[in-house]
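Structure record follows, encoded as structure tokens.
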Amino acid sequence: MTAAIQFVIDVLSLGGAYALMALGLVIVYGILRLVNFAYGELIMAAGYTLYLVSASPLPWLVMAVLAVGAAVVTGIATDYVAFRPVRAKSVTAVLITSFAFSTLLQNAAQLLISPRPRSIPLPEVFSDTVTLFGVVTPARNLITIAAAAVLLSLFTLAMRRTVLGIAMRAAATHFTMARMLGVPANLVISTAFAISGLLAGTVALLWLGRIGTVVPRVGLEPLLIAFIATVIGGMRSLEGAVLGGFLLAFIDTALNYSLPQDLLKFRDAFTFSLVILILLWRPAGLVRGPATGQRT
Amino acid sequence: MALAVEALEVRYGGIRAVRGVDIEVGDGEVVALLGANGAGKSSTLLAIAGAIRPYAGRVRLDGRDVTGSIPERMVRAGVAMVPETRDVFPDLTVEENLRLGAYVRRRDRADVEADRAAMFALFPRLAERAEQTAGTLSGGEQQMLVIARAMMSRPRLLLLDEPSLGLAPTIVEQIFAMIARLAATGLSILLVEQNVGKALAVADRAYVMRLGRIAAAGPARELAAAADLKEHYLGG
Amino acid sequence: MSARDLLTLLLLAGSVALLAVAAEFLEVRLFVRIVTNLFIMLVLVLGLQVFMGNSGILSFAHVGFMGVGAYTTAVLTIPVRMKGMALPDLYPLVAGLELSPLAGILIGGLVAALVAAVIAYPLMRLSDAAAVITLFALLVVLHTIMLHWSAVTNGPRTLFGLPRATDLRLAAVAAALAVALALLFKESRIGLLLRSSRDDEVAAAALGARVPVLRWQAFVLAAFMAGIGGALWAHFITSFSPKAFYLKESFVILAMLVIGGPGTVTGAVAGTYIVTLAFESLRALEAYLNRAQIFAEQVVGLTEVVLALAMIGVLVLRPGGLVATREIGTWLLRRKPDKGDPP
């Protein structure tokens, strides 16, 4: 019984983080058809901001807000540097600029800060453990579950209730039609990148909280996770991305519990082969997104 | 509102879809733009609405040059476009589609609310389906929705691209009745149609396009009387 | 081959020969090293050009196949007496083998091509984002295997003991052959059809082109060249680990191709030259700054920052790269437009 509870908590906390990662990638892909290779660097940016303000006397929560803010700013910068100047050109051009921007940010961090890990400040509770239904689990896991629940609900609410949210959903199907109703393209695009940054920044707090340090390449793993989750869930569907995140967490946790150690090393090979198979079977991912849609 | 299009040209790569077109729409006037498939009517409308950039020529609103404006600016200038692709947002409800139509004046909550009530009165079938997603509507209902949605921005000029396309005759009747009612409110309308008879019946004036150029123009009644109109310009 | 293509081949292969002779003549160790490395990069970049330039699809898997070539030749050519140390768990079937480096390099290319042929056939139906993500996923899969298949790759640790067999001449010959291969493919029927599909997939399919098959052929050839390039590099560097075949290397190869112009062989060659020059100068600058200890921390990443900026700049200002559409031979032999010419 406790093993089952342990399993559920593991899946939910891992899935919460995965779902946020995937959602942050899909919000940009769904509207702009941009696979943002620089997405992981939003997480890196938040991490380094935490490190840079760690010496200040600010309370941790303020530092966290600054870190998330840095991810948002970096997200919007992605738009201006890598997306907007080439968005009228080919899909490949946009992919390459985002990949180049990712390399740019990683190496800028190496150059300006350090290639070596830097430790980031964490609040006390992150290292506490709690006992829940007889299971001892890090408080961090429960915080992750709560944060994911709150953020996902807020996100859903904003997309359903606000005019801008409705406009974003509309722009994901017919960008030009939305513009012909007066929805400003630039606002929609910037908002997509800002939301992407907000989600990535939050993920950074939870994800980096497990290791307590930040390195220039820290964004790669979340990027890969977000790729798999969105492919599983459907690259155009916001609900699908969340679902994909939890599904991937389930698969990962189940493999962790069941696979022998020497096969576990190949877990990434398995999951990414799964990604390839899914895309072959359904090139738009498992969950269908909104109907058609042209690039902007 | 007065629209003046001068020497408009539209190209898609090497394809010259519109080759020097002049069109005027006066205040409160209903003008029909007729022509066979591929004549360049939709391209003309899209260029006016700012959805595609004209290759050459001018677009003026009340004398002001708005050539090549982005679409969102054209909406704010009072031009609403209903494309022939009838792009409802299929995953959004009818209600949300209308709300988006009022995007440019979303701050006047009370006015928007009143307009929506007016649209629901004009299109009762939409009122019944307010909470349904637009993708589940029939073709005729979707056409009503896109017209109503365009009207939510309170345009002074409405660009309508083939509203009767592919609809059942009874629905076509209803759509044209709506157009007549909208025209009666003083709205300027530029109406692209293949249903020549119906279009000329609601229009004050008309243009006929052929191969990217204006081939004939005149008061709707005169064009309607010209027996050879169909065979000459509309491809039979 | 038309006169223009021949001229292009002559000039590009000639530039390789010229560089090789210059390096040989100068006898500066550093310069020879740089030029040899440049030739190897040429093979890799031209390989990517074969697929990406003709199909228009971005492939991250390319450096994965480079790794396949490198590890294949390693397993086949590391001297038997060293294998016990370098790869203690190697399967007995190959542990006793010791082929000549040339054979190893060739087999490296063939194995990479074979792996690509088997895996990629179904993938080539995909376009746009789905294609890019699958090829990215393929790179991750290949990388994971290289990282953990310890018996063959020594795992994440450095594999050592390869004979140093890639010298300036071998690399120059390989580079010249790669130029010829890329040009021949581009002007072949497959290349022509593939490029028409890049510009309009639907129209090309309507003309009867079986786009996935065309892409697959280009992909296999590209993988072969990547494998050869990887194997050559392996015998040049003689010890390496899986991280040599991942995103960092992808970035450099992609930067060379994108800056030069993926659409032309001339562009790929020019991009490799220019980026190598920039890369080596910036590396030298980094080394100088580090030696002079002007900054408290090590200066690393400057090179990549500059390259990334250059890449974005090129894509914004000249989306087709420096040499976008016309090969150098075509450009030199262009006629003044006559009246009869289509514009």
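Some observations on this one:
Letters A, B and C name the chains as they come in the text, with residue numbers starting at 1 for each one.
One rule holds for everything that comes next: a residue touches a chain if its C-beta (ideal position, glycine included) is under 8 Å from a C-beta of that chain, and two chains touch if they have at least 3 such contacts.
In this text, all values refer to a predicted model and were calculated from it rather than measured experimentally.
Remark: the per-chain Cα centre closest to the mean position of all protein Cα atoms belongs to A.
The two chains most heavily joined by C-beta contacts are A-C.
Inter-chain centre distance (chain A to chain C, centres taken as mean C-alpha positions): 32 Å.
A straight line joining the Cα centres of chain B and chain C is 53 Å long.
One simple way to say how far apart two chains are is to compare their mean CA positions; for chain A and chain B this gives 42 Å. Looking at the complex, you find that chain C touches chain A at residues 52, 56-58, 122-123, 125-126, 128-130, 132-134, 136-138, 140-141, 144-145, 147-148, 247, 251, 254-255, 258, 297-305, 307-309, 311-312, 315-316, 319.
Residues 49-51, 70-72, 74-76, 80-81, 83, 87, 89-92, 96, 99-101, 103-104, 106, 135, 149-150, 153 of chain B touch chain A in their complex. Against chain B, the residues of chain A that register as touching in their complex are 163, 166-167, 169-170, 173-174, 176-185, 290-291. Residues of chain A that touch chain C in their complex: 29, 33, 35, 81-82, 85-86, 89-93, 95-97, 99-101, 103-104, 106-111, 114-115, 216, 220, 224, 227, 231, 235, 265-266, 268-269, 272-273, 275-276, 279-280, 283-284.
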